[in-house]
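Going in written order, the chains are labelled A, B, C, D, E and F, and every chain counts its residues from 1.
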Amino acid sequence: MDKTMFDKGMKIRREVLGDAYVDRAVANMNDFNKPLQELVTQYCWGEVWGREGLSKRDRSMINLAMIGILNRQHELKAHIRGAINNGLSKDEIAEVLLQVGIYGGIPAAVDSFRTANEAFADLDAEKK
Amino acid sequence: MDKTMFDKGMKIRREVLGDAYVDRAVANMNDFNKPLQELVTQYCWGEVWGREGLSKRDRSMINLAMIGILNRQHELKAHIRGAINNGLSKDEIAEVLLQVGIYGGIPAAVDSFRTANEAFADLDAEKK
Amino acid sequence: MDKTMFDKGMKIRREVLGDAYVDRAVANMNDFNKPLQELVTQYCWGEVWGREGLSKRDRSMINLAMIGILNRQHELKAHIRGAINNGLSKDEIAEVLLQVGIYGGIPAAVDSFRTANEAFADLDAEKK
Amino acid sequence: MDKTMFDKGMKIRREVLGDAYVDRAVANMNDFNKPLQELVTQYCWGEVWGREGLSKRDRSMINLAMIGILNRQHELKAHIRGAINNGLSKDEIAEVLLQVGIYGGIPAAVDSFRTANEAFADLDAEKK
Amino acid sequence: MDKTMFDKGMKIRREVLGDAYVDRAVANMNDFNKPLQELVTQYCWGEVWGREGLSKRDRSMINLAMIGILNRQHELKAHIRGAINNGLSKDEIAEVLLQVGIYGGIPAAVDSFRTANEAFADLDAEKK
Amino acid sequence: MDKTMFDKGMKIRREVLGDAYVDRAVANMNDFNKPLQELVTQYCWGEVWGREGLSKRDRSMINLAMIGILNRQHELKAHIRGAINNGLSKDEIAEVLLQVGIYGGIPAAVDSFRTANEAFADLDAEKK
């Protein structure tokens, strides 16, 4: 493991997904999934999210589109939260997910809107 | 929004999925998902389901096959109900889902049969 | 290998895809792909296409939808030909592929229409 | 149905997934899903798992990779159990799922590790 | 068909993909694929690309990500051209496709970079 | 870029895919795809293929299964060659691809067998 890149990735991951989410992931770490946690943090968050060429807002936008098509609702929920943290409005998120419906098919949009609504409800509940 | 096409779509959507299902979707509508509800009703139910060239039974049959492969269980459950409303028997639905297993892989069939069984249980419960 | 089921499958396969196509597949058979040819003929064509519960027209229709979504252009081309042999008109094939566009996304429809046009051109060329 | 192949398949299926799992599948069998249960047992477990050319350990390994990518968590959970029965260690399962992350994308690995952890928890609970 | 929305879609489609590309699509139109051409122009380009909520640059970016994952190389090539027309630099396109590699798997990135290189070569050839 | 991990990855990549293949990839490198080449070599080949927990034969086997399902024929062809280099026989490759047919659907197997046959023909031609 490249410790510098891991630390860079961990910092970005916390900025995007929030400390509560990442603390939970870290607390759930065990011998079995530790190599995944390291790979995700270093590779996904350090090497790619850490690159200069696109804004975090841009990266969130394309992640919603990709993860919506890939039908990974758990990850999508986390990245809806990340998108809000990275400055996308709810209306912009709706635009992204409508476009998912045209290019990835209507069922992908229906599931993605439902998951986004759940993420918004969680965020509202936390504010209280 | 093209109001005529939206109304045509809403009528077909209610015929296929049933009023209870559509009333629930309409009640869950909010500022965020309203553009999706409009797109689905106009585009999916009005423009495509509203075309002449295939019977509703045919359209249900190919939807079960596609949504089974796409692994969208929530939508599949709604379209199992739609398939029954459009005249497919349980045995015909089983034939479609077996063919999903051959062309889309056995796990797609296993999940689709489970979801279909859940839809049938719901329908039986409503009759009582 | 269950010889009876294999023979039943081979008969149906020839009816649907045509002798020329199947002769070519048989001629391309070698030690490496022989187990696949046997599995496909026995299970896909014998066990599933050979079942009573749906017409061949129905089975062709759902195959076009599934293979269009799965993005397997070579197989799709063969099954467009099969669909014509099983009694679907070009207009009905267009209806199936439009529905692929709605549920599987527009790029799936664009590719499927292109492949269908190629299959129709082949069929026209053979008639001359 | 080819009774000899079905019986061969049932024996392998029980060895890999365990009697408790298969007994449950058999108990859930009804008129609707019976053709699927027969097809799966004969075709998937008899014809393919029953072939000589790869060890059961090898077949489990590639199944985890494929089912992880296909996003079929219910089937994946059963095959994690099968992989343990076929001699894969937890560390080897982690290696397979990391490779899923590289070739199938990180969200596929995240979901697959979560499902594997659930399967391990079930196995631990049964031992008590 | 809603003529106003179709005309709006055609205008946007020409701006994004270029007249040469769209002229070719129109010239290839026949009785079979006409309903697809109308649906794509009206819905995809009029109803969705014509919405206010995201810039054309944003929409191009998420399209590259989605179509890269969906493995539709023909469409991807057209949308690479569209992305350039909508103001994305080659470096930004590379960033999007690297992120495709992380979330959709390395083979999706390898194919997408190859297709993008082909699109750039076409564009260079046209300038001469 | 972590130079040590990159070099480790390049060594493994050459062992598995062969010098001719990797030399070609390196020769095709340009400013646009350089970040991908670095990411693939460091992460895919260094971080994951370079791990201890599975043999190269095991890793090839699961790659064939995954890439076969993902429908990436160009990558599949390279990894068929890699599988031969890593000690899999043609018969074992056939077993893997048959299992792809069961779990990922028959069209995935048909395409994968065709691509494997092309790879074998290339290898035979090079020997002459």
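Note that in this section contacts are C-beta pairs under 8 Å (C-beta built on N, C-alpha and C of every residue); 3 or more make two chains touch, one makes a residue touch a chain.
The chain lineup, named per UniProt: A, B, C, D, E, F = 4-carboxymuconolactone decarboxylase.
The model shown is predicted, which means the values in this text are computed figures rather than measured ones.
Asks: Chains shared as neighbours by chain A and chain C?
Replies: In this structure, the chains that contact chain C and also chain A are B, D, E, F.
Asks: Among A-B, A-C or A-E, which chain pair copies the contacts of D-F, with over half of them the same by residue number?
Replies: Most of the contact pairs in D-F are shared with A-E.
Asks: How far, in degrees, do you have to turn chain C to put its CA atoms on top of chain F, rounded to the nearest 5?
Replies: 120
Asks: Are the two sides of the chain A and chain F contact the same residues or different ones, given that same means over half of the numbers occur on both copies?
Replies: same
Asks: From the C-alpha centre of chain C to that of chain E, how far is it in Å?
Replies: 30
Asks: Taking the mean of the C-alpha atoms as each chain's centre, how many Å separate chain B from chain C?
Replies: A distance of 25 Å separates the two centres.
Asks: Would you pick out the residues of chain D that each touch at least 2 other chains?
Replies: As it turns out, chain D has residues touching two or more other chains at 35, 39, 43-44, 48, 51, 67, 70-71, 91, 94, 98, 102-108.
Asks: Thinking of each chain as a vertex joined to the chains it touches, would you call that graph a line, ring, star, complete, or other?
Replies: The chain contacts form a complete graph, every chain touching every other.
Asks: Can you tell me which positions in chain E touch chain C when the two form their complex?
Replies: Result: residues 30-33, 35-36, 39-40, 44, 67, 70-72, 74-75 of chain E touch chain C.
Asks: Can you name the residues of chain C that touch chain D in the complex?
Replies: 2, 5, 35, 39, 43, 47-48, 51
Asks: State the interface residues of chain A toward chain B in the complex, per the touch definition above.
Replies: Against chain B, the touching part of chain A is residues 71, 90-91, 93-94, 97-98, 101, 105-111, 113-114, 116-117, 120.
Asks: Given the complex with chain A, which residues does chain C contribute to the contact?
Replies: So the residues of chain C in touch with chain A come to 102-108.
Asks: Could you please specify the touching residues of chain B with respect to chain C in the complex?
Replies: Going by the criterion above, the answer is residues 43-44, 48, 51, 53-54, 58-59, 61-67, 69-70, 91-92, 94-96, 98-100, 102-104.
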